[in-house]
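Every chain is named by a letter (A, B, C and D) in the order it is written, and numbering of its residues begins at 1.
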Amino acid sequence: MQIRVGYDLIYECCQPTPMIVTLNIHPDRAGDIIVPDTMSTDPQVPLTHYMDGYGNKCTRLVAPAGQIRIGAEAVVRDSGFPDPVAEDAQQLAVEELPHETLVYLLGSRYCETDRLAGFAWAKFGDVAGGWQRVQAVVDFVHDHLRFSYPDARPTRTALDAFTEGKAVCRDFAHLSITLCRALNIPARYCTGYLGDIGVPRDPAPMDFSAWFEVFLGGRWYTFDARHNTPRIGRIVIARGRDASDVAITSTFGPHQLRQFKVWTDEVVG
Amino acid sequence: MQIRVGYDLIYECCQPTPMIVTLNIHPDRAGDIIVPDTMSTDPQVPLTHYMDGYGNKCTRLVAPAGQIRIGAEAVVRDSGFPDPVAEDAQQLAVEELPHETLVYLLGSRYCETDRLAGFAWAKFGDVAGGWQRVQAVVDFVHDHLRFSYPDARPTRTALDAFTEGKAVCRDFAHLSITLCRALNIPARYCTGYLGDIGVPRDPAPMDFSAWFEVFLGGRWYTFDARHNTPRIGRIVIARGRDASDVAITSTFGPHQLRQFKVWTDEVVG
Amino acid sequence: MQIRVGYDLIYECCQPTPMIVTLNIHPDRAGDIIVPDTMSTDPQVPLTHYMDGYGNKCTRLVAPAGQIRIGAEAVVRDSGFPDPVAEDAQQLAVEELPHETLVYLLGSRYCETDRLAGFAWAKFGDVAGGWQRVQAVVDFVHDHLRFSYPDARPTRTALDAFTEGKAVCRDFAHLSITLCRALNIPARYCTGYLGDIGVPRDPAPMDFSAWFEVFLGGRWYTFDARHNTPRIGRIVIARGRDASDVAITSTFGPHQLRQFKVWTDEVVG
Amino acid sequence: MQIRVGYDLIYECCQPTPMIVTLNIHPDRAGDIIVPDTMSTDPQVPLTHYMDGYGNKCTRLVAPAGQIRIGAEAVVRDSGFPDPVAEDAQQLAVEELPHETLVYLLGSRYCETDRLAGFAWAKFGDVAGGWQRVQAVVDFVHDHLRFSYPDARPTRTALDAFTEGKAVCRDFAHLSITLCRALNIPARYCTGYLGDIGVPRDPAPMDFSAWFEVFLGGRWYTFDARHNTPRIGRIVIARGRDASDVAITSTFGPHQLRQFKVWTDEVVG
């Protein structure tokens, strides 16, 4: 299967404004790239790419005063299979976890593991470890939160989402991640493209999506508490501890988002 | 100058309990080690060392049921000079910052940059960038917070410290870091040894200390909002985004701290 | 001057749902009523009026399953004068305050006086007490917060508004109230009608408004940190410690607001 | 049964400092007073008594610079019966609640009903209304929180207690109250004397205690989530929406508490 993905964003700044853009397809999909997602801007400005500490490819630029358009389009090969399900995947004891997964047990900006640990153990302590426990967390979060785009806000933490009951996809991910970490299961945040392949078309305008991965039985597995069903065609852009690490754009000055278009479609015929 | 540092800790667990210990002297002091801080435990258990994503040397072990004593002592060569002061150090524009410093502009568990940015700009926006602005932040934090050991708590964030007015050294660091980041100055958290060399002896029992570093004019500088004066003989153990990254010990199960001794003294002739 | 005020609201509930409605013009305006604001509903349901502990006239009803329309219209006589300004009004010492004002020094749901007291004294401690100090608070709040209707949310506290920088009229009031109370000035929350008499027409749809009152020199004075200018024609509906006490409607079950119309206009000719 | 209660407090202020003291036995016990709790101070200062909006008897004074001792002792007649248990007490529908109970459904400073409502309904929505539901709340709170005097802090809300898991008696009350209100059961906070009559002596120094009352079946019932067992000899001092309303002392200036003695004992023979 081939998937076409892309974005076309317009920002407006009143003065030259540095930006970090985390919009490149993740390097671990390099072997699947048919048409590369070469970022371009209008007006053209110098772009500097670098890898952050989590292995994501980021881009730095200075937006000029006025408007700047940032866009790219790619075609990516995909297995066409839904997210793997491995109901017998085991939770590793903490002492068996690889070193590099340990950072995904710690608290982070939007994941207050220290504040939700008591609830996590009270609610999920009796569920067998491994896949079932993660699925129990995801079922809980899926039911407890109600998707509400107008109520989105950038400062909302996992605890806020838990208490407010309203969420967008990043909040579903944050709350799930926080509960998993509290239960000693490494969990990390993902952003990327997720189209409607194999499911009814979502009438809302397309957006980037967020989900998460947990480390079970020696590898990372994808979970998505918003949709709570395996999906086809996720294209990861970036992974991190939470949304703070992988904001689409971090902009160091006042700015307005003037246009926001994202697309993800199967290439047919 | 030579400084003797060490610790002697006793934990008690009711069952075998995995721990991550971040107590080794930072690798960048390797050239200064006269007597190495070889960690030992009683009872003896296997120790595994690894480097985390921030360049700190961490140790993993499984504490057995019952008590475990963890200790080390080292002698370290030190310049004997107080923390450098560089009043003309400039704030780099965001676009000039090295890639690896950018992560220290982002929010983290105890540093809610998104929630204190408005205050930071209202309060410090008019102060000239660079050393003076950092010093203005540190002066503010030093005056605004009152040191109170009995009021310490592990969940306190920078915003909590700001509103409660009570703090221990980690809170002084967190609030300062948060304000600096909000002002686009990379700032990172440090833990380590800090004795009373050159200052009156603190009558309280010795403890590890926390301070922070900012990136100005192309290098990292040490600041300490609790003491707010250059000090002699800091020995860094670990650096990270905040205390969440560099906890002395992360213990994955119920436990009690039974003994806590830390020492830092000049080796006298 | 005569002012016509009214509202026309439609709620939809899926089952019979008890409501408390705080929409009647405040009893202290009884002498100014030309046409009374007799509440009616469609379908007609029994209405029970009562006075709450703050002296407001509230109404209880049970909304049937389906839609219910709640409305009223009144004509009220008004002085036509803007909010009084008394620059020499003094702050009373706490021991001189009347008993009944003391409750307006305490913390409440959306006014965390205990968490903002440190900031309040650091920022306003040097300003002379009385009118000037309140005006300094109001100037600060007016400048620090940015009005943003889409970012409104019911759980936002004064501290949240302070850190987020976004606000609707209730947040402007809550933050001002919190700072005044922390400075030992009794402050209470007001809801009511506020038209555009004497000022340019606001193009946004009309809404109820919120402002606050402080107790200085033996009486209550009106302040409005959102507009920060004396206004003509405020018609108070209710006063309380904060928005928690005087919600337009408190609805004890799931419901949707289907229509929301409010009007406030000078009766011309 | 007769119970002797009293207190002996010493405060130190650096300047004359107004105080509100809420330490008088509640007026609804007036008929049980054998020896009245006449408040006295040393040095003697004028005392003004008043009733607050919740029906509590409060006292105002101005503490002079230096130390002030405030004390009283009373003997009170008591039924000697433990707190009533009424397992068939029904939850009234909101529309059947007396007007004056409605304020105890609303949020308050330390009881964020809006933030814990989702959890409350998810956890207790299936439990039959009335006594059983309140008991389910109290059982949950009793088990979820761990009493810890050293971790007490005045800014801790019900949500904080829920997430931190540590509590003193006021936190047990606040969390229970918040959950009950979220479930549409009026709940109010109580402070008072509670000795060890009929239970093993608590070795900790005596203190005032906090508990709460709920309105079921037309009357108020006492619950105590810290002890979670009916107790003999509660003497109410004050009731309010939460601890913000009924602080033992509200002191309007810097001060130190130098001595704190409270006693509650059965008068024997």
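Everything that follows uses one rule, which is that a contact is a pair of C-beta atoms (placed from the backbone, for glycine too) under 8 Å apart; a residue touches a chain by one contact, two chains touch by 3 or more.
Note that the coordinates shown come from a computational prediction; the quantities given were computed from them, not determined experimentally.
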Where chain C and chain D overlap in contact partners, by chain label: A, B
From chain C, the most remote chain by mean C-alpha position: B
Distance between the centres, which are taken as Cα means, of chain C and chain B, whole angstrom: 46
Centre-to-centre distance between chain C and chain A (centres being mean Cα positions), rounded to whole Å: 41
For chain D, residues contacting two or more additional chains: 112, 115, 155, 163-164
Topology of the chain contact graph, where touching chains are joined (line, ring, star, complete, other): complete
In the complex with chain C, residue positions of chain A that touch it: 150-151, 153, 155, 163-164
Touch list for chain B against partner chain C, complex: 112, 115-119, 122, 144, 159, 162-165
Of chain D, residues touching chain C in the complex: 18, 20, 50, 52-53, 58, 60, 62, 93-95, 99-100, 102-103, 105-109, 111-112, 114-115, 154-155, 184, 244-245, 250, 252
